[in-house]
Amino acid sequence: MANEKICEGDYVLLCLDARRTYMVKVETGKTFHTHKGYLNLDEVVGKDFGGAFRSSLGTEFTALKPSLTDYIMKSSRKTQITYPKDAALIVMFSGIGSGSRVAESGTGTGALTTALAHYVKPNGKVYTYELREEFQKTAEKNLKRANLLDFVELKNGDVTAGIEERDLDAVILDLATPWLVVPQAYTALKPSGIIVSFSPTIDQVVKTTEALKEAGFVFIETVECLMRAMQVERGKTRPHTMMTGHTGYITHARKAVKPLQETPKNSA
Amino acid sequence: MANEKICEGDYVLLCLDARRTYMVKVETGKTFHTHKGYLNLDEVVGKDFGGAFRSSLGTEFTALKPSLTDYIMKSSRKTQITYPKDAALIVMFSGIGSGSRVAESGTGTGALTTALAHYVKPNGKVYTYELREEFQKTAEKNLKRANLLDFVELKNGDVTAGIEERDLDAVILDLATPWLVVPQAYTALKPSGIIVSFSPTIDQVVKTTEALKEAGFVFIETVECLMRAMQVERGKTRPHTMMTGHTGYITHARKAVKPLQETPKNSA
Amino acid sequence: MANEKICEGDYVLLCLDARRTYMVKVETGKTFHTHKGYLNLDEVVGKDFGGAFRSSLGTEFTALKPSLTDYIMKSSRKTQITYPKDAALIVMFSGIGSGSRVAESGTGTGALTTALAHYVKPNGKVYTYELREEFQKTAEKNLKRANLLDFVELKNGDVTAGIEERDLDAVILDLATPWLVVPQAYTALKPSGIIVSFSPTIDQVVKTTEALKEAGFVFIETVECLMRAMQVERGKTRPHTMMTGHTGYITHARKAVKPLQETPKNSA
Amino acid sequence: MANEKICEGDYVLLCLDARRTYMVKVETGKTFHTHKGYLNLDEVVGKDFGGAFRSSLGTEFTALKPSLTDYIMKSSRKTQITYPKDAALIVMFSGIGSGSRVAESGTGTGALTTALAHYVKPNGKVYTYELREEFQKTAEKNLKRANLLDFVELKNGDVTAGIEERDLDAVILDLATPWLVVPQAYTALKPSGIIVSFSPTIDQVVKTTEALKEAGFVFIETVECLMRAMQVERGKTRPHTMMTGHTGYITHARKAVKPLQETPKNSA
């Protein structure tokens, strides 16, 4: 079987080392400049993904096929580095997979949307709500770059006013006031469906947890995840000095069917 | 659209609260006993997933449709609680999605295999190697329970002797001597393919990292992930007292095409 | 210089390994029983601290002179293992040293009192308040055992009603409602004096921080400390699996002199 | 009792908020410049510690009496922020207090020496070894500033060649090759005395632990400490985004008397 070739218009991840990678669109006649010299992108076209190229200063770059984590980390400079750990846990807790239908709010620059779309493809759909149009445009661009736009419906709307979809497998909240959207999420989810909320502050977590109990969700849990990178080298192995100490708390829960009609409380 | 009904033979997750859940196969004529009384499973058949049921002692359980994390956490008592965080990161770093072809070793009791199969379905495949037959049987049972056996090929073999597949999207290693399998993983992966190794000790990480460099992998990184659960209650919010302090380190890397023939060093 | 000998009535820390240590009072005619056999304490009298002794089953124990951390960890079974890290930081943030005068509330079983007394001796004093007499008795016993009772005044009283001392170097709060004691601590401290509060919940931290700002404290900071033990063995080195995920938050601040009379706000 | 006055020549900690503090020597005729305007230090002389002063731009600074943590954190820009947590644990594990005699190597810029001297005063002594004279000079200056030089003997020497003192209560190692000093530390310590070693890499920890076992130390333990600061504000409370992920591992152990002569192995 032949290796996959890099085509005009493809994105490649030019990798110098684990800390220095660059997402570049391959266009003939263009050059990519770094502090380690420039690369003629003409040379890259038609070569194998995974191949090595030398810059004008002789530094070797590997032209990797971008992976999901690359698309996430290059979605926005602000969310760089820290987001994949949270996206991974949000996706895992949500239970989604190929074919799932999931609502998300807000879209932001589409980092988490990218992860959700990656995992529901090819038969599922992500309905993502965002009020700010400039964010939507960035998200659309990022999703297109990752070839995931077909699995996403970008919606300009306010989820506190309602989620239009029904029988969803999961609802993902990453907005300032998640507790206000909990009732709408309950309505939009199918029974036993999963809600996952990501919030930076404790106060958001407490309000959201209270709203979840009130709305009829069960199996409510909140976790935080600390990811620490290691410097691995024989005789010098140690954790890196600086790390991200906090991004946000992840709260997840499942929709229970209410009310409890089969066995009334007074007859138990 | 009608809610999904619980059928004879289905598995349900009986949920008392976030810390006490039970994976139960629904069979008519059987009862499920807990310290909070017993449930007649006859009553559950034909009801909605997400519905509530009372035990003989009046305690309310919710009968949830099991999610991926439930199948992972109930795969083996030993890996309970701690595994989903690592499975989530391993999956994310591996870049796999629907349609991916991935090799894994060792299978163990199939917790990670379950996660991999969940994400590659319906068109992908997990080729999982295990030497110990008794583990394979447990894994097979766990995968069948999660309806994921169709997407897995359980192989009885020693990956240090070779991985039979070629052009794989990812290779996942969770065994005692990952460094010995790195050359085989290189051969089995397609260019730019991803290897992820999970190891409890620093020494394994160092040896594996050295083997990855030697074999021609790039973008090599090792992280560890600490997940801490919160007790959320207005006026009493705090992290839980006990946590899992360590499960293992996750090392991931990507296959670069070697040798670097296009631009010889002396002409650079 | 001769080694220090173990005398009748001394406490020794019998050490089997880092995880199994026993605080024992040396009394002639008594034996100390463990699952590894018994030791005749007669044999220990007159020997050097640091010496090794064999149990009836041949297991070797080292009879160490108890250190501060031993007295803290053996003060109460409930605070075992986790407390020294917090005591260390509380002491460090408080700025106390030999000669310092410090108030503490509540005394509890005296674990933190033991640390405070250790560091203010021989010329300083710890004024420790406790409402529950049974705790006071345990604390007194623990302090006596550690030879630190002379540097402590055990007071039966309610610090929310007032701290009797004045011009204190530090006030240490380890009670359910620290915010109620902040005004009393302000009055009791000398200018630039330090308050340190230890609380398990976020809500306590928020209320205490607000009370500190209101009372005239500055340089207010809250931290939490996670301590993780390592299993160190060539070829098998890794963090231990279980760890204490949370004990409490440490909030510290310093008393600023108020009001700001020298330069009235309207003339600035 | 009168408040303590700020005198010519004293150091004050000018505090703008918890993140912006400045250690300043009070000298008449001098001004202290910040981005928030300047302060005439003349105004500060004769005032109370803890008093507030306004800069030329109207910003209020509190002139605090420097505490131990301030001296540590201002000892060297490189060790700022992260060191007090480690100094606190090193001191606590070492068991030292007023009157203790302790050796340290290397002195560095004296941050840890400052902590050790603070806790052994007024009757104890810190013998601190350093090979590089320029570091010794900085350390001497830092110790003098903290009024702790009287309790320290700065020694220019190589501890791998030997520690001159005997019957020490503790030996503290913070150097590149602690395992080479372990035999010397054993000789210098009194029985049951404590050694504490601080090292950034796992490899140092493994070698040191092996050397400790070989030399006759017991109760050997290695820990790492993660300290995370909180942003505390009602409705917005959360951990800070960035934290120090790693400084070093702390290994501590106690000297057992060897050989085990009283009860030969073959007669046990």
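Letters are used for the chains, namely A, B, C and D, taken in the order the chains are written, and counting of residues starts over at 1 for each.
In the analysis below, a contact is a pair of C-beta atoms (placed from the backbone, for glycine too) under 8 Å apart; a residue touches a chain by one contact, two chains touch by 3 or more.
All values derive from a computational prediction rather than experimental measurement.
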Comparing residue numbers, which of A-D, A-B or C-D shares more than half of the contact pairs of B-C?
A-D
Inter-chain centre distance, chain A versus chain B - centres from mean C-alpha coordinates, in Å:
19
How many angstrom between the C-alpha centroids of chain D and chain B?
45
Contacts with 2+ other chains: residues of chain C:
202, 228-229, 234, 237, 239
Chain contact topology (line, ring, star, complete or other)
ring
Using the touch rule from the top, collect the residues of chain C that touch chain B in their complex.
200-203, 228-229, 234-247
Under the definition above, what is the set of chain C residues touching chain D in their complex?
1, 3-4, 15, 17-18, 21, 43, 47-54, 58, 60, 62, 64-65, 67-69, 84-85, 87-89, 91-93, 95, 97-99, 115, 118-119, 121-122, 166-167, 190-194, 202, 205-206, 209-210, 218-230, 232-234, 237, 239, 249, 251, 254-258, 260, 262-263, 268
